[in-house]
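Okay, handing you the structure first.
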Amino acid sequence: MVKVGVVGATGYSGAKLVELLLNHKETEIVYLGSKSYSKMKFQDIYKNFTGIDNLILKNQDLLEVSKKCDVVFLALPSKVAKDMITQEILDNTLIIDLGADFRLEDPNDYEKWYKATAPDFNILKQAVYGLTDIHGDKVKSTKLISNPGCYTTCSILTLAPLVKTQLIDLDSIIIDAKSGVTGAGKGLNLGSLYCEANENIKAYGITTHRHTPEIEQELTKLANQKVMVQFTPHLIPMNRGILATCYAKLKDGVTSEQIDKAYKTFYKDSLSVNFLGKNKIVETKYVKDTERIDISYTIDERTNNIIALGAIDNLVKGASGQAIENMNIYFGFDQYQGLRKFASTPL
Amino acid sequence: MVKVGVVGATGYSGAKLVELLLNHKETEIVYLGSKSYSKMKFQDIYKNFTGIDNLILKNQDLLEVSKKCDVVFLALPSKVAKDMITQEILDNTLIIDLGADFRLEDPNDYEKWYKATAPDFNILKQAVYGLTDIHGDKVKSTKLISNPGCYTTCSILTLAPLVKTQLIDLDSIIIDAKSGVTGAGKGLNLGSLYCEANENIKAYGITTHRHTPEIEQELTKLANQKVMVQFTPHLIPMNRGILATCYAKLKDGVTSEQIDKAYKTFYKDSLSVNFLGKNKIVETKYVKDTERIDISYTIDERTNNIIALGAIDNLVKGASGQAIENMNIYFGFDQYQGLRKFASTPL
Amino acid sequence: MVKVGVVGATGYSGAKLVELLLNHKETEIVYLGSKSYSKMKFQDIYKNFTGIDNLILKNQDLLEVSKKCDVVFLALPSKVAKDMITQEILDNTLIIDLGADFRLEDPNDYEKWYKATAPDFNILKQAVYGLTDIHGDKVKSTKLISNPGCYTTCSILTLAPLVKTQLIDLDSIIIDAKSGVTGAGKGLNLGSLYCEANENIKAYGITTHRHTPEIEQELTKLANQKVMVQFTPHLIPMNRGILATCYAKLKDGVTSEQIDKAYKTFYKDSLSVNFLGKNKIVETKYVKDTERIDISYTIDERTNNIIALGAIDNLVKGASGQAIENMNIYFGFDQYQGLRKFASTPL
Amino acid sequence: MVKVGVVGATGYSGAKLVELLLNHKETEIVYLGSKSYSKMKFQDIYKNFTGIDNLILKNQDLLEVSKKCDVVFLALPSKVAKDMITQEILDNTLIIDLGADFRLEDPNDYEKWYKATAPDFNILKQAVYGLTDIHGDKVKSTKLISNPGCYTTCSILTLAPLVKTQLIDLDSIIIDAKSGVTGAGKGLNLGSLYCEANENIKAYGITTHRHTPEIEQELTKLANQKVMVQFTPHLIPMNRGILATCYAKLKDGVTSEQIDKAYKTFYKDSLSVNFLGKNKIVETKYVKDTERIDISYTIDERTNNIIALGAIDNLVKGASGQAIENMNIYFGFDQYQGLRKFASTPL
């Protein structure tokens, strides 16, 4: 059994990790960390669980934790993890960081978008960006996996085949993304109150959202040339799910056959990608609580634009589920061990 | 592998059955019935599923279906199943009826509350009321299991220990129940429209709801004397879940120790009952999509009332999950095979 | 023009007061108080408003405020107002307190239910309980109006005619109440987060909710004998509205004609009471944003219980709207000046 | 008093019209038409209303209705009104059509997008497109006002100043729009069920939505050259509101001062336009139930795109409210008579 620790176990993605680990046959939880709820039982906070009286939240030093775990997941706010990770810790254990600190390869990008000092470069350069459907093969060779963001996972996977094959104009990409409220986390912010978020829709972080450079970094690598995107997130009155509506100008003469082939080729080994094809509609409810992305597209013959749609669960494929995928790959388990393929019926 | 058929497979409880059966290790779906969607693929209606192209909806005669199935689930509106079941069908296969037609033992009760001719008494008398936590032992000895209603499952299980031990005045029971909108089914009714049900709460079926005689029948058996209840359901703007807030006058001198003992004794073998005890609060989100009922209670020293709370998922413990439990008991599988114990985190 | 101040203007009931005052033809807002948002424009917090740049939030002493206002509304948490009100302030201005501190006439009740020192009795005894449909005639003769709570307004008005005429057993009253999330206020509490309250229902404050003694105080006065009630509130995933489902044992031989007459007589002068009569169903959406209570009832011939239903908007009839009614009565304006009669269509 | 009729009075926009007319001081409702609810009282269907027992739904011929009304509003599905309007009817009364049949000036566009025969050209050419903030001056000179669609009102008003001044590349416009479920009307469609629309987001009508040619027609007129747009609507789990997130490439060197000036100039006489300016965020809740559009924008210096946001209430500014504006202009009343400026607080 792989010994696992979770730091930040009571936030939404931390708790989702705990749930997935409890359903996993090859892991044993040996540490659950929480500052706010230290010494409490996990099941007294997440009352959907019973019979796990032994899981007590603690607030131990990461170095201590690293000594008793084969893998430690960090589910922390941005700017926290970067100052916690040392080489000694990485020598002790595999770190899978669900936060943002090690996602941007260029420290300048980090400092520009996060307005903070970049992580130690000696640590940063060891990080593998754990977008499993693209970088799964690199995961085994590191001790520091940087798990992708929710919007980024959805946006990159929806666009990757089009960018890789350059069937679209790379300077025409617009991503209009919509997220449920769990995306804002469990923090006590006014905008996350029921009566503030309910019966409303708004955009936020226009031109400044920190997932932008992460999307651009990955699309740039795929295209082998600098790619910029217009990324606009919106807050939707629902708990879970992200829909990315992606617009781009098709290159002249591109056919739907070419597009279908681009997706099928790119994702031929990706069991979590459910490519629906042309003129289909994805919906977030169909991927809720699953390790799956549904992708479809439509071509507008009038404007020569392609509208590609991607839908994921922000907490699963967009966070904790993908972190489990990374763990599974690293330890040689079935990549989808402990993860769900199908959403509950109905919703 | 047990060969299974589902008649009415595209309604909410029918589709939930299909989902549960797909996760079940001992069953093989050999028939999915639907009038409205005949010849369509199930996965083209419930797009959360993929890779089950072979599951095509059909509209065959129940007698035909009974010949190829070891068990047939009926997920039909009330008043339909009673005219479909014959002795020949029961000789062929086990029927688990999720509808209401065979729940009331007294044909007069059926005719009074359902305003329709009661089922053939020779068939009716073979029916076992499949409330697993109470009648699980009788399930093996019949070919016709009548699966309880959603409100009834929640109400009876919440009150049963108190009624059985007569710690409460039996003529003082009030059940104020609240249900999510899936309880109204997938029918195209004005009241089920998003904009009608959203941001609203209302009571309905006051004094006339058909789950009333079902609750009374079972509580009467437990008490060994006639029990009547005041049952009032309400519609809540959420998809899933039932909360039953049950009020009764405590008999003089009854202590919480006696109440705790009553529950623990009554449910000592029921793994799906999560008895939280005194002064706790149940919430429907903690049992969503699980085969579980959470029960708690509070005593009011001022009024000498007990307020007992029960929470279930109306489509799982309150319908399809309990039907699977019945199948599992009948065929000698683990009672909770294919059923979930813990709700998704968060919600 | 009546000069008005609002202390606590940025909470939900404070802001609703501001809205109602802006629509009122006889008032001029001269003070808006807020600790947290002092010096900000009201319209920068409630962006539904424009063109009121002149309304700047301030944090002044209540004595100062009392000198420039004809009436001051207090929309504060409980236990705050009681230490702010002095005789000098009451000599200066009319105080309409939307909080709970002056609602309970017996200081012992306050200390028992609020676990805090009762208000100065010389101040307390001047307070008039401003439940307009019952005590409207006493409002003109005080400088301290204690505005009723939301649950209490709904519960008392639904039950008052039955209690007054003693058509029911007074020791049999059960009130199962359901409220939208604005009832919990704008405070940053975990339970008020969108993802915590959404898709869920729970009871809370069972046997201990502070609106209980307030309901009992008023029903006791109506009955001329001590009345106790079983009051259980629930949290519903919607923004606005309270539904009170009230149960009581009918006295032998009571007819629906008597009940109809009791309601019609009791509320013959109450324009905000919409009595629907027997076998009707009230819904919270029909009273949203209005100064109205919808009341209906059903008799169960089997159990001899009456189930009476009341629905209000917790922030309007249950808080700020009723406060405006009190102001209107005090100053001799039309009682419903500035208040809406009809909910928006649809919802 | 202006005598008014409403045909299709029980759908969402028809009923909203009735509400607005009841609050209007210069109108008298003399006819409410409904096929499905003929002979019923309006207040028995919309129970938010009381005291209007006299408003009985009828199913009369439009010619008859036109003889007794000064103005008749048609709130009907598309393709119905075009076969009802005759010259005789227009000679009798003013028609304000909330449907789509007379919105497209070119019959070929109608036939292409609506897959139906275009309206009689002699009638069609009399129609004025009643987008009040742009064509208000033409309203008085016709007997047939074609009220704009909801998405179109929001999209056109958000983009008009940019298009008129050509500060953007006209071939780069992308409109990603999001609507609450009332936009789908009160019809009994599976997708409009609570449990289908709740906790979900999806796009629909991609490249084919019928509001596309309507937007293009008006932007083309403003630009004096052919404009095409990429329009993608989405369904959001809320009752009311439309948010249009509009993307376009800025022409080189365009400054925010120029943009501010373009909006302020274009809307200098439009009281319903609330232009928030640069780097602000609009939210649908702030315009709920009002005759208002909130508009803001952000410039992305990196991509040189402008992201302009518009928010309206689809049933008010996007349908019935604008129809009332048109009536007010036609009859010389204050343009905003009977219409609300501010949303309810909170939401």
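Chains: A, B, C and D, in written order; residue numbering restarts at 1 for each.
Just so we're on the same page, contacts are C-beta pairs under 8 Å (C-beta built on N, C-alpha and C of every residue); 3 or more make two chains touch, one makes a residue touch a chain.
Small disclaimer: the values here were computed from a predicted structure and weren't measured.
Asker: Which chains contact both chain B and chain C?
Answerer: A, D
Asker: Measuring between mean CA coordinates, which chain is farthest from chain A?
Answerer: The most remote chain is C.
Asker: So which one's got more C-beta contacts, B-D or A-D?
Answerer: A-D
Asker: Distance from the CA centroid of chain B to that of chain D, rounded to the nearest Å?
Answerer: Centre separation, chain B to chain D: 46 Å.
Asker: From the C-alpha centre of chain A to that of chain B, how far is it in Å?
Answerer: Centre separation, chain A to chain B: 38 Å.
Asker: Which whole number of Å gives the spacing of the CA centres of chain A and chain D?
Answerer: Distance between chain centres: 39 Å.
Asker: So which stretches of chain C touch two or more other chains?
Answerer: Within chain C, residues 12, 180, 182, 186, 195-196, 198-199, 237-239, 283, 285, 288, 346-347 contact more than one other chain.
Asker: Any idea which chain C residues touch chain A in the complex?
Answerer: Chain C reaches chain A through residues 12, 180-182, 186, 188-190, 192-199, 237-239.
Asker: Going by the contact rule set out above, which residues of chain D touch chain C in the complex?
Answerer: 12, 15-16, 18-19, 22, 46-50, 182, 186, 199, 239, 274, 283, 285-290, 315, 341-347
Asker: For a test of understanding, state which residues of chain A touch chain D in their complex under the given definition.
Answerer: 174, 176, 178, 180, 195-196, 198-204, 206-207, 228-230, 232, 234, 236-241, 243, 245, 247, 281-285, 288, 298-303, 305, 307, 309, 346-347
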